[in-house]
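Just so it is clear, A, B, C and D label the chains in written order, and each chain counts residues from 1 on its own.
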Amino acid sequence: MKKIFVAAILASLAFPLTAQDVQKQIDRYRELLADGNPAELLEMRGEDLWKQKRGPKNASMEACDLGLGAGKVAGVNAVLPRYFADVDRVMDLESRIVHCEVTLQGFTMAELTKRPHSLNQSERQTDHEALTAYVVGQSRGAKVNLPQSHPKERESFLRGEKMFFFKGGPYDFACATCHGVDGQRIRLQDLPNFQKADNAQRAFTTWPAYRVSQGAMRTMQWRLLDCFRQQRLPEMEFLSPASIDLITYMGVKGKDGTMDAPAIKR
Amino acid sequence: MNIKRRQTIKAGSSLALVAAAISAGVLPTSAFADWNKAAFEAKNMADVLKALGGASAEKSADIVITAPDIAENGAVVPVAVASKIAGTQSISILVEKNPSSLAAEFDILPGTEPNVGTRVKMGQSSNVHAVVKAGGKYYVATKEIKVTLGGCGG
Amino acid sequence: MADPMRIRAQQKGDVTEVRVLMAHIMETGQRKDSAGNIVPAHHIQTVTATWNGKPVLSANFGPAVSQNPVMNFTFKGGAKGEKVIVTWTDNKGDTRTDEAVIS
Amino acid sequence: MKIKFLPFAAVAFVLFTGGCATMQPGPTAVDTSREVESLARRFPPGAKAPTDAEIVALLKASFKDSPSAKLDRLDQTPLQMACTEASRSGKPLDEKLRDGLQAAALASVKYPADGKYLGDWKRGKAIAQNGRGLQYTDKVGDVAGGNCYACHQIDKKEIAHGNIGPSLTGYGKLRGQTEPIVKYTWARIWNSHSFNACANMPRFGDAGILTEAQIKDVMALLLDPESPVNQ
């Protein structure tokens, strides 16, 4: 008995941690984190903002049509990006929120897109982040099902697909370099493979997310901006056509996933 | 009272709430311990204990720390502590290798269960101590938590 | 300006479980800004909770409590519909009080 | 010139035959459900498939030019173009094309003029941990890191390592410090496309990510018997 005990101690010293051990413990960390998500604070702030009369036109956002009809907020993030006839193009959630702030409240595009994301740690989250948090939170439990019947919706997907595989920059990286293979990790963070439905669902349904490493909730637009930064491409423009096409691609790949955002992540 | 504070209370529309609470004797400040500056500035467990009014702490198996073995990020490490020691008066969470060890201290009032949780910052892998005061004596349990670097690296 | 807390209080048998989310920067006083200057400490120092006028928790936080703090505690008693009131105060004197109805 | 390099390629083949699956993880082929999707579904009336030129133009319209990350990063090299198509279609490169790209990559490798390949493993350790550099948020001329741990296991004590590349634990201990090994390792770091046209690993020397001195330090981390990698 004693021998076995000593052997066990020696073994644990010789092989500090197996990859499975580490993964189990990381899963445990994530489970404990999920118990309290500060993104809820931002959702509350966003709800107040949504209902507040703001801007030169002194109007609230409550009449905004996010894709399921004017004033309807529940479930919209599960069907976006989609085609909007009033602008004759495909818009993602964040583009549509900004669109409503311009058309309903009279804000200018320039002021809304100047600095949509707060800085790390040191700054209060922006109104854009708060509004996005609120709207996204109202889609929890909704099944992802982006419409693809309009030619422009399909074209957005096809462009997004091509962009996903586009290798460029000094590192020769494409989105697919990290997100096109099963079981890959950067450091200890697993990388969803968008060619697998369950992976794509998990990724699409858990963004936006509160990032504990930044002390802030980050939107899907930010997620892409920062992926491209790590990819060593130039700075992605907020609400750019490429961002919308890539979100369409991810959303179509994540079909039938159940929305669970804002989530909480490292 | 500074202006900022007044604005805060007003903006939160909780002025009435606070006033009502005070007049009803709901917030008898004396019931709550003052913030112990010396304890929060102490660099190690011995100095924290001294600042809290103790001397040494006895190891105890009746203190249970619930926390991950590995933290994916040191900025947020969930730590919960439950004490089965009779007459638990306070529970403190200390991170040994932080610049100041004491992270949080909870007074266990009559009626409070000796079971609390929060999240702490850890600058690096470190021992985390749960110090329990009971019957005027101090007890401690310790758990090592590894902090890892993560993400794409920059 | 302090944002509201999110408080959940749930009766479970003869105890009530309380979970509090607080919006606060919890600046450590050790971080440098982009210009290289130390950002002064700014953190919650005390958190108190009452139920039916009775104190049920008192906590002291240092700057090592994470940004946007999460705090969970449990007290004996509590019935559905009763109120739990939570107040925090930080080192700059800012304070915030919010309440939740026990469910 | 070519003949001189052949032995290194041969060494590479021997070293990594066992680990090819992990060495060259190309993205998995596009799923079959999409392949068999009817044309009508794929292209609703009026929907057009985008051309490569349209994609580049759209990307350029979607990114901002800045001194530290210019828009020309979106102009693909022939290798980037070929490997984009290979991963999108799930079909490997044509052999001739592949060999040509690999030969060009190998020809790009600059070996140290002073003939010294190994620097300081302690500095190499820091370079392997550092993930900064070449981002639009960086300043031109900022020192970059190698970020090796993002993809590789190296020092066994560092548990936060990725798995996109193979484990490099015990690299020098297993392989020794013979000239072919040393030169192969250098070439692999300088331009990994020399041995696998569509390798995921960045061209640390060729793309100017690390300096020659930094690569020497990383070499020491891998090959120096004193390095923790070889303990």
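Convention: contacts are C-beta pairs under 8 Å (C-beta built on N, C-alpha and C of every residue); 3 or more make two chains touch, one makes a residue touch a chain.
Everything numeric in this text was worked out from a predicted model, so none of it was measured.
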Between B-D and A-B, which chain pair shares more contacting C-beta pairs? A-B
Averaged over CA atoms, how far is the centre of subunit B from the centre of subunit D? Could you give it in whole Å? 47
Averaged-CA centre spacing for the pair subunit B and subunit A, given as whole angstrom: 33
Here the gap between subunit B and subunit C, centre to centre from mean Cα coordinates and rounded to Å, is 12
Using mean C-alpha positions as chain centres, tell me how far subunit A is from subunit C in Å, no decimals. 28
Shared-interface residues of subunit D (touching two or more other chains) are 135, 149-150, 159-160
The positions of subunit A in contact with two or more other chains are 22, 35-36, 186-188, 212, 215, 230
Mind pulling the subunit C residues that touch 2 or more other chains? 4, 66-67, 70, 72
All pairs of touching chains? A-B, A-C, A-D, B-C, B-D
So in the complex, which bits of subunit C are touching subunit B? 1-2, 4, 15, 26, 28, 30, 45-46, 48, 50, 53-67, 69-77, 85, 87, 92-99
Can you name the residues of subunit D that touch subunit A in the complex? 25-31, 42-50, 52, 54-55, 58-59, 61-66, 69-71, 73-77, 79-81, 83-84, 87-88, 134-137, 149-151, 156-157, 159-164, 193, 200, 202-203, 207-209
Residues on subunit D engaged by subunit B in the complex (per definition of touch): 129-133, 135, 145, 147, 149-150, 159-160
Can you tell me which positions in subunit B touch subunit D when the two form their complex? 70, 146, 148-154
With touch defined as at the start, can you tell me which subunit A residues reach subunit D in the complex? 16-17, 19, 22, 148-152, 154-155, 158-159, 161-163, 165-174, 176-178, 180-188, 193, 195, 228-230, 232-237, 240-243, 245
